[in-house]
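Two complexes follow with chain A in common, the first pairing it with chain B and the second with chain C.
Right, the complex of A and B next:
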């Protein structure tokens, strides 16, 4: 019977606060280091590596957007590629029609349109949770894929869309990027991606909105008793995730210079789940690391054996079984283990 | 004089003998082969990979490209355009690849072209038949050996007219996606051009991956059609042929992708009398092809591809074309190679071909054939018989009809 007050006392102890502060500081430092490495990558790595990193960071943002639903709302979407693909096609069409407008504005417009779509679809999806939510998102994604596949006039069908990239990208009025190379395109992608992802992180980690989302995830009934409109909270997070997936899709279209049905098909919705779990869903930036590892591992394995998907699948199973927090979760656990003797010594 | 000639001849023979060794000594020139090597479509590209590898082997034996051996980078496209783009870009940047040979899937070909355009590397396509790739959406990096949808449809219609001159009513059955729709248009245009007296009595699109063709077979039977034209492929085509046979379908079938042993081995006698066509057939009656078939069979007799196939032929020609152009250009520089390729003509294993300058579409008379019983065939199942060549003047799309602005400006191609 005394366990509860003991636990409470432990939770409120200055030592625990100290440890938590240390964790937060380390996390912040690691985040800054991660983003700094990404920004400095063109100076550190070959153009081929930057080419791979370009796709990896777009996939990473997509996986982060998936994880926003999974980590903060406990919603496992099997149809997240619908927003990503919708945005990729929208971005391609916008670039085709409004090449004279600043690219960041077009990306913003694409992200907003994906948010609006998320808001509308979320009205249906977030009314259910668990398997029902997953199946609803899956069905909607299948619908979007069918549209992309069949609406040849708008999407190019199986041929996809290409030749939409203007030779000169307007960044701001009077500031153009002529025939951008790999590094320039990569930095442009990062210039949009980092602020957007940091804003989403701040919204979820530092504001009452984030606390409300987590409260609804942990105990929806209690959150409702406390006065939260739980449906609207989940819907808002769904909209945010859709918008972020939209930005990722827009950046993907720019980075690849073409869009095909691969960016909206059901297997892509599965890939993002694998990436998020591989990187680790417990840390906001984990999926970004997961994307880098996924791209590197799949390229390496596919060069070694045509049966590389078996090995990747096996790795995924091992991660789920023995390191459910993914790569970053594993590192976090090791870090805590390393800290434990030191904490004990301080007592 | 005799001594001089003898010395000259000896030197010549010596140089020729040294050529392969010299090719091996120089730095290799990298060609990228974009091939599906994993997933359910892996089988589709096994023939293409074999064709490219055989071509590289033969070219290297003959001295390589400008004395350099070709090194082949094989990348797994995973039938995914974005993955293909990433891997091929890496190959171009890391290995300085000078030619890209590929690829199954028109979106994957588009991804290759995006890389080719950006890094000035020619893309020689053995697949990807959408008309507008060399038409309205033309991009100079692409050189297409594969037929386009219109040429392919015309070749089938030409073969139908020759094998079954009594046919007056046809039924069009195609998959319900972009390629199926484009093929339907191609068949209709070809019928109008080749035999306007033939009436289209029905046209239906079915979903890809159809399990049960009986509703469509009933429609065909009810329409009174004498012949069925289809651009179905893979499992759909096998099911259509098998179920058509079980159903007792009377009209024979002309299939864009029927001339493939992977299809025909799964169908057996049900395909006898049907028509197939592609840029290459092992049954082409020419000295070049006979020599090629013999050399291939010697090398591959105990493999799953004992005889060259349509895919083998196309991927072989694609690789050969890139090498010939580089040899003639004396360089791997894109501008020089492009200049040579535009209008390049030579006697290929599939017959005399020319790369049309305005749209980079290879122009070649297309072999067609009836599926015949296994007696005189290389395979233990019915296969395409002696090739009937659909002449280029019948199947070619006029430059002004391509939708390519360069062709509109150069009506003679």
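Right, the complex of A and C next:
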């Protein structure tokens, strides 16, 4: 056995290993910097910006959950808002009935209920792939929208739900409960969002579960003949994505103090696709950046013109055509380009 | 000596669109045996492998592994019982590296645990194991190469490495020498002779040098039926086999 480490050292081209390690280190540093900026934001930016940023990070987690299916399982969902909206309504109803219970507990319960829903719906959806998967998710999302729209007694129909407010914060910094400040709400959102997103990242990038999901994506047939239960692996990832979308929906409800059919309709399911692709589906955190850019761009454009959605749509088309890796993909290729002359000089 | 064969096929029949491919086929393979399966194109060799590993359901008959029927089990369950196969048309994780390919095979055979503490410890051992398997098939220097970018002969070896990495009780190789040069085939024989050990082997192959070098019994299939069965010397001397199969090659 002692021969192998030596063989390994020889086998791994040192130059290539160096470059790979450098990429991994830079990615880790950028991630930490990104999350640090989000946490420090209330000290750096205006109240209005923080208000927008709160929305952006909730959307960002939602887009990450969409991208967990797309990037790791190769499944393009056109109905992901079903889980987000379901969770937003669930969170609002829970807060109306159990306002006294600790908020993190309620968010956890909402996330879990979205996972259970994902597990049940996934049983149907992940049996198909490609266009059939996308169409199944679309149909299910349409069903959920119809329920939210029609079931006035529970969801308020087009009026939506409001007047719910958390009053017990267990383990989180206390604020004036009658009117939580914007930055306190924002920090509460981050206190839940960051650990949940980092845990999902670690699960997919560092554990055998993640490598199973990726193996099934790359070659489902071979994976099955190597002993992977490919249906269960895909179902598990679908459940994870639904649960994460659920946490995002719950946080969105708290951040907005209002839930309407906007958070479950079909256009919202496509918005999350746009956000994920804008930010870049190749990097786990890309969709988060996509959400920040999306919110900033729609704010800026809507101040300039009432037809802002046309311009946003045009921008999306340009990204898909000329930067299919999204913003992070673009930055990555620029970074590689910048590194190349240096690499050549080292040889 | 145990009497129960490791693998037994009882009256297996399989037809595609009404055309019979396997007809009431019986086959029995003892543990530790190395069985060659030969026959002309269309004899049903690959279909037989697909039936054993669960890619196809037989229309009739039963498949017993260690005396228990596995007929109704899906491919992944059969793999977990100890049956691992290679593919005639290569089936790799093309966009992943050689190391990641082998890791996929080992992780499943080790079971999937998510506990972080066990994981940290095990990633280390798995890394050594991956390197050992790669070294075994002569891919030690290619661990970080993308599988797609390997030369064809190396991709063949990787395909076999995925099977060997799982330490299966029953190894099934479907034309492992297809498309290899004479030198690559010689290397492959040496690698397989060194690594199969006491495991049971079912080998489908057209290259008779490979079959003679690796089998201690040979079954000849023709039109979905077992034509004959015997030691390599018996098969080589059998006039029927020479007519149906070996003769064709000479012609």
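Everything below uses one rule, namely that the second predicted complex is superposed on the first by the 322 of 347 C-alpha atoms of A that agree within 3 Å, B and C clash if a C-alpha of one lies under 4 Å from a C-alpha of the other, contacts with A are read in each partner's own complex, and residues count from 1 in each chain.
Following the convention adopted for this analysis, contacts are C-beta pairs under 8 Å (C-beta built on N, C-alpha and C of every residue); 3 or more make two chains touch, one makes a residue touch a chain.
Fair warning: this is a prediction, and the values are worked out from it, not measured in the lab.
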Per the contact definition in the header, classify A:223: touching chain B only (first), chain C only (second), both, or neither.
second
First (chain B), second (chain C), both or neither touched by A:149:
first
Report for A:302: first if it touches chain B alone, second if chain C alone, otherwise both or neither.
first
Check the residue A:203 against both partner chains and state whether it touches chain B (first), chain C (second), both, or neither.
second
Who does A:258 touch here: chain B (first), chain C (second), both, or neither?
first
With both complexes overlaid on chain A, does A:211 touch chain B (first), chain C (second), both or neither?
second
Show me the residue ranges of chain A that touch chain C in the complex, using the header's touch definition.
1, 3-5, 7-8, 10-13, 16-17, 20, 202-203, 206-209, 211-212, 214-215, 218-219, 221-230
List the residues on chain B that touch chain A in their complex, please.
37-39, 42, 76, 78, 80-83, 85-87, 89-90, 93-94, 105-107, 110-111, 113-114, 118, 130, 132-133, 137, 139, 176-179, 181
Under the stated contact criterion, what part of chain C meets chain A in this complex?
53, 55, 74-76, 79-80, 84-85, 87, 91-96, 100, 103-105, 107-109, 112-114, 116, 119, 128, 131-132, 134-135, 140-144, 162, 166
For the complex, give me every residue of chain A touching chain B.
46-48, 51-52, 55, 149-150, 152, 156-160, 162-163, 182, 252, 256-258, 260-263, 295, 298-299, 302-303, 306-309
